[in-house]
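Both complexes shown next keep chain A, but they swap its partner, so chain B is in the first and chain C is in the second.
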Partner chain A sequence: CRQGSAVVSRLAPPQQVRLDADKETQTLSVTWEDGHASTFDVEILRTELMEMVLNETVGVTEDQSTGKHQWNWTSPVPLECTSLSVKVRSRDGQDVSEWSSQQILPGLDLPDNTDSQMYPEGKTVPVGSNMTFCCIVEEGQQFGSLWYKDTLVKENMLSRRTYATTMTNQGPSNPSGTNVVCSNEKKMIIAGAVVFVGYPPLPSDLVCETHDLISVDCQWSKGRDTYLFGMTRQTYYTLNGRNCPKARNSNMRCGLEQWDGNWTLVARNLLGEFRLTDAAELGHRVRPVAPVNLTTPEVYSWNASVGWLWKDKVKSLNGCLSGHQTYTGYGLNTVVLKDLQPDEKYSVKVRCGSQKNFWKWGEWSLPLSFQTKMDRPVAPDIWLWMDSDNLGRVLWKPLTKSESHGQISGYEVILWSPEENSQQTLTLPRSVYSLPINVTDRGSKVTVTARNPAGVSLPANIVIPRYLPDAEDTAISKVAFNGSGFPLSWVAHANASCGYVVDWYNTSCTQDCNVEWIKVAADNTNTMVQSGNFLAGVRYKFSLYACSSESTVLLERWHGYMQELVPSRTVPRLSPNQEGADVQLTWDQIPLEHQRGFILGYTVYLTNASHLTLLANITDPQLTNHTVRNLVLGSYKFTVKAYTAAGEDGGATVSISLEPYTYWLIMEILVALGTMTCLLIVITIAFTGFSFSIFTILWKTMPGTGLICVCFQGTLDVKPSPHSMVHIVEDSVWDSSKEALVTVPEEDEEGTGDEAADTDEPASLRYYNQVVEEGSSSQRRPHASDSSASSTGSMDSGHTDVTYTGIQTSACYRPQMQSASCPEEPQTGPEEHLQPPVGSFGGYQPQCSWKQDSPEADGDGLDQTCLGSPTSVTSSQFLLPYDTSEEGKEYPSSASTWFHNLLTGKP
Partner chain B sequence: MADQEHIEIDTLLDMPAPGRSRTGRAASLARLLHQDCTYLLELYRERESLLSDHTPAGDRIVSLSLSSPDLSSDEQVQLLHSALRKCLGLLECLILREEEEMGELEGEYETVRKGVRDRLGHLLHSTKVLLETEEDVTPDHQCNEEVDGVVGTFGAKMWTYRVLLELIHWANSASQTLHVLHSEREGREEI
Partner chain C sequence: MSGHVKNMCPQLTISQAARTLLSLLLVAAIDSVSAGVVCRKQPCGSSLQRSLKLTKLIHKESVDLLKTYKLSQGDMSELFCQMSINNVPDPNISGLDPSERMLSIYSHCKAFLPHLKRVTEQQTDLQPPSSSLLSKLSTAHNRTNGLANQINCIYQTLFPNLPIPPEPVDGPTSVPPSQNVFQQKVYGCVVLKRFKEFLSRVTRELRTLKSQVCTRRTTFADTNALF
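Moving on, here comes the complex of A and B:
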């Protein structure tokens, strides 16, 4: 410590030490007098707590004029915060003088200054700066806390009443500044200060121009926000030394009365200033003022002239822009506006620019409104739509604003009759756009004109086209909507001198239809039909006509949908009709207005509860019936749906319960028996003549059951006729089930064996209970295999040429109750055998698991069970065929034994 | 929203009404003014980052007392009218100082501040009508920093804070006093 030096210095201590404080800049100026030294030790203490603030050796030269030394020190702490004690001594190397007398810079925390205070107050500093704030607590109060904005900050005690905090890297303030608040222990604000943290100005892009060739108007960008507001801290601008009081907020512009050629803009705030310069010649920076006093001296239907005036010297400028058209000319002050529309309101405004050394367009003038005069309307777009041979309607489209050229007052329609060389003229009001006509009365050509106050339009003529009802249609083809319209194309027609017409209307419409049309130029052979009136699900018919001065000829027709939808209703008149084991479904076509799309076909479903099983997909939309075949007895529901490209309709459903044909079957059997009787008589006669022996012919009717059994057994040595046989199968379960027998077509059998070649043989009759078919061959026509097997068996035996299978007993019926053994019927196609819905059949179980070669069906068991009282037969599987199989061989034996026993009266 | 409310109240005030209705309307107006002043102080605290438990030191600016038991209702309204005039003067001065300090801003605080000034003016007109005398409705305050004791920027803020508290106080007093007056007159007419 230099204070500890005990050596007597030859240096004299500084004299007359004096302190001067600049509290705004927190600068302390220390001056003293000393004749010789140039190096001094300076020591600064906080007086009250004797804390060292600074102890520094500084080099200070003597001011020759005053003979004093002066040293400045900027305190980080505001000088008001607390008293500072300063002393100085001279130094020469290691030799130091005695300390000067201590000088005190009194702070504002002295007891006689009792109020609370905070420093520095109201300072403006740059963003990022560091600052120390101090709070002097009022005498008698307790310090509480210090807050910077809303943040509690840590304080540092400088004296008994003074507490300080240092904030570093301060961010920008809000417009009212950043508060630093000091509160007492009761959280009452006792002092505070505001600091404004911001940036110096930084403007850019100074550009000066003239509007009147005299004065100058400069503009610039404000640049970075200074975050400093209010009269004291805001940025002030000067242009070439003149204040710019109007340059505020975002309006950064300033004007001078005379063009100087060089401009300097100075932007200044409390934190600094910034300069911008610009320089230019007058002729290169001309942005004319807006023209004034716009007038329209001449206004016509299709053009108008506009004039204006200039202020002062600007009239010598070249080039102006009016509306969106540019006109050029020296001293331009009038232009003619062309391509205007008649009877139209216009608003025109003018701005100008210098043609030479163009800089910028000037300001727009005030707008001027005017209205062009009316002109006669254009000829209406007309068409003639025929409802029938004689009746039609003349149609014309309302004229648009740009076509009417004024308020339309009405229309005039002239009906020409060249043969009679006469005409009829009709005047119609402006709200009428069609006129019904009778062609036979009025001739073959129609002329329509429109009228407005300016005159009559050119005539629109059309030759009445011949009516072509749908029946005479040329081929009508489909056209698809492509998203924006219906694209139509056609082959060029020789007689289309005035082009083509395409008209269209809702096909379902029958009266007063809304007809639309477009006209196509003669050199076009395609068009896109577009209309805002197209609706989804509506079929439109498009007709193409070739138009000439002599005729209007229909060339082609299309129809199409903008968007196809599913039909809006189901097929009407859906009805089932039982035909034996088949059901024929018939229905009508959906009316056109309900189709809502092209009907592509129909789907037929078997309905079981909510489940639909597809039976058929009819892809011919003209076909409106379908036969579901081979149904077993029971109740069925069928659903028929029409479908379009958009999908199926909801579906129409019908129910049917299949009933047995009792009386019909009886009749069939009687006829069959009669036929057989005749046949037997013929055979008997034939056999007698050829010395054949016939053992037995038995006819017996089983009482009580209605069973008719026919057993015929004989031996023929001649070639057997496979067709000469009758199969009669009966069902013991059904008392009246004989009606269900069906006739099997002859050709079904022909395909089953070698016998098919014998087409000259007598036809055979075979009767089968079709229910029996369930358990047998499922893919072939009913009973073909059984009959073949029987016939084959008969032929192979060599003993029989005609086999009448089986008088069966009730024991022959083997109810197959094991449903588990019944394979589930595959329903993969509409022609497969169908099962009625579960629970709807009344307990009848088809013998679907029966097999001809099954153990249950062969051997003695069957033989034995077939003996006894013959009662009923339920299945053709229980017929007794002569088969080459082991099992089959026993059947004729058993049958003959049983037959023989029956004839001989044996049990 | 606030503007619409002002228009409605202005319309109400312009309509001729019996004394009882005028009292009720003035009471309603004072209640709305109290709400506005409270909201204005909330916005001010938010802007200045002042915690709600930090209160400025100092005495009341408008030192009138309505609590004396000897005052009649009319005298209380008279006193209230005077206090409100001073409040309006203080508010005008506040606006002037803030605009000098920060420029003319257009935030929510400034909008509500303007609303308070307008509504305070309406209330003064209302109390004048109630008193049925030719009372002055102009602001009663000389905007003088020395008189106000405003030293420095922060001092001005604390003064503003105190003015806003004063406005709340007198708006509340007006609401209560006018409500009592309204009840009294209503009871008197019913009798």
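Moving on, here comes the complex of A and C:
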């Protein structure tokens, strides 16, 4: 604040200072008189708090007419917010006058104005502008807070009751404006204001045109959203000074009654205005009105004429568009529509444009419907399918809408003799598309025609092809579906003057098959067979015929699947056939309709519970048998599955229980008995002079086992086969009246190290206990640790049978020594040596846990284990039942089973 | 002469009867015009039930209307309805006996109509033309007018000897003078809030009136029928 000089100024202070406020624009106008200067100091204070708002030196010239000085100031704060004190003094360089008397512009926060208020209210400002809002608190209340939208803003105190905040860079408002509210200390709203923040209008793309060569129709784009709504804030438009009341929302158009050639559009709202201009000649902006009164004076099968009328001057225009065809001509009012379809309903509408200086197409006329007349149908697509030498079916495809040219009333079939001198004519209703025929003469021809109310079609002819059953197929190759169809290609045939025919049908169909066909032009040697009737898992046979006027010749055949699936059923008639230790499985091929794919082969599995072990993969689909070799006795399940490219079928399963080959055994026994008889006779004759007796029993090797079991009694020193041994066993089912002498397969003795020493013995006799204990193996008594104990245990069982007495041999007898190393079955592959399922055979096992307890047995040498010279031996403890548990698995051979069964009389 | 006289008398009688009938029709027409609505004779229960259904509908719509209104007024508008505004009809229904309470309902309906109209006008200048608020305000105005007419008819039916006073019994509640935009927003919110409260009370009141008035009149009619 500049202070005045102590020297008395020669300048007089301004007089009659007056304040005028324009609160809407927040402008304060200060006027004074008697300044006699052109420079003045102006000082503005907030009256209540005496805060300086403005202290500025301004240049103001005197208005010569009134003799007053006037200076305007725009307050950033609404003038209602609080009272302002204004004083002015004259300045001439450093010389200043005294201050004028202070003038006060009263605010609305004076005590007599007790209500809460907020300013400014309802103002419209451009986006990005800054504004100061003030809240005058009601007398007696305490100010709380100021909110702009939903944001708490910082306030400044302008007076005892007035608080203000300044918002900068305001964003666009919503339609009802931005709320600014003031609350008291109780957070109750006491006052508020609304400000509308938006944009001035910014339209674009003004285009004016005429529809009737007289008036003007202008359109433009609204452009940027103003964010301002309501009667006072919305945008108003004028075109060449005339209001456009219908220009609202998105309908930005305005019309004038006369063509001016130049147009100016003014868009205006509270924030500003924008001007757009356009200029054009009348003939360059013609967009004709729609033609009226469309008529069809002439309608035929393949064409029709359409006429229309014009309004006013538009008839002098050139060019019209009808439907999707363009016709031109001066004053065009009728056109002929070509390339129509007979018996078809059409709807036509017309729009026009100026051919010269074309601007835009006019509006469409109302549509006019008409129907073309019928015409005779096209010749049907026919084919002849031979079911046998003389029987066949004439087939033809239903005519489509575009082919029938009207409602088909029926078909006529003519069967010609080879010389075409006789014919047989049949008339069929429109719903029939095939006719069975009996052809006796080769070279016969068939003619089919279709009929509708407009006439008869051209004849469709075909020469009856020769019937070729499948057996005569020289070559039928596979064709794969490629996703859209079956691609077929072939070598061109010289005698295909009228092209080729490819027909196809379901191969497994035997009667009244659905035959489809396509015809291929003579110059094509490939085609793609497509049909909506193709089904997955169905084999189709495709036949290619060369067509000529004289004959129809089969050229080639294919078959294929749209999609291969796994067979829908298992191989039929699966049966096993035992051949000694082998089993031959045989089966039939799956019927074609169940194959659902090309059978690629078969897989043979051994089934054990739910587990399948692959035995063989037969890749020849024609081979329908398989032999599983080297099976041991027992029950087996075999599963045979056919497979296609999609996978295997569910599998057919068959069971077999292997049994000794009875007839061969009987034969061998008889031979052995005969041999023995002969030998006895020879010995009797040869040793007549000697005083000794011979008692011999001889068994010959059992089939498949190579086992010889020999027992001698007497002084004859005959060394038995090192592999000979005797097993005496009892069936798992106790039968005290029967005993079983079972040969042990040679394989059972092999592969165990401990057994090697035994095989060196002259005679290795092994005894199996015949004690049969009821119950499971877990209930079985522990293996005897000595013979007496075993005997006792055996006796205790109550079922002990003293099974063997008097087996004597020249070799010393050695009881079983395998105490800790019980021989186990050698593991073999399923093919080489298959084991029956566990528990499939009940029997006895070697006395694996036997231990010597006699003093003689304590010796190390084998000799010490001998029981002495051949003597009568009585034992009741050397035979143990087979253990079916995991430890000590041992199964009798097929021979032993057979022999056991033979002796016990079982089949 | 006598014959002539005899001939004159029937003409006179017919003329008088026609005049009387015409007078009655005129009175009835004037009465209907004065009431502003043509009422059909309906049983007490059904007419009240019909009004009750209409009231429930308007009340349900008024809840949605107030919600829409608040959403359309910008931020902090939830607090607008808490501000005090003068000259907005009170939602309370006054009166001691059924006739007075029914008259109070009618008067309130009539009183709310100009306020609803004013709010509609104000919001037309604040909302886009496609705003659903404008259509809902218009619907509320029309339905309230219909409800007022129905109440009028019921009142005339139930209390034929009690005239409807020309002015609302609760006193004039004229629409406010010019308001700034913020005041308009607050005003509209208060009007719609009280309108909703009023309809809630009307619903209860009509239910009570139906059980009181219609039962009593039915009983009275039945009693008369016995004699």
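In this section, the second predicted complex is superposed on the first by the 620 of 907 C-alpha atoms of A that agree within 3 Å, B and C clash if a C-alpha of one lies under 4 Å from a C-alpha of the other, contacts with A are read in each partner's own complex, and residues count from 1 in each chain.
Keep in mind that, in the parts below, a residue touches a chain if its C-beta (ideal position, glycine included) is under 8 Å from a C-beta of that chain, and two chains touch if they have at least 3 such contacts.
Every value quoted in this text rests on a predicted model; they were computed, and no experiment measured them.
After superposition onto chain A, the modelled positions of chain B and chain C overlap sterically.
Shared-chain residue A:118: touches chain B and chain C both. Shared contact residues on chain A (touching chain B in one structure, chain C in the other): 118, 121-122, 147, 149-150, 174-177, 179, 181, 188-189, 191-194, 229-232. Interface residues of chain C, counted against chain A in their complex, comprise 72-77, 79-80, 82-83, 123-131, 180-182, 185-186. For chain B in complex with chain A, the residues that touch the partner chain are 47-51, 53-57, 98, 100-103, 105, 152-154, 157-158. Here chain A touches chain C in the complex through residues 118, 121-122, 147, 149-150, 173-179, 181, 188-189, 191-194, 229-232, 248-249, going by the rule given at the top. Interface of chain A with chain B (complex): residues 118, 121-122, 147, 149-150, 174-177, 179, 181, 183, 187-194, 229-232, 234.
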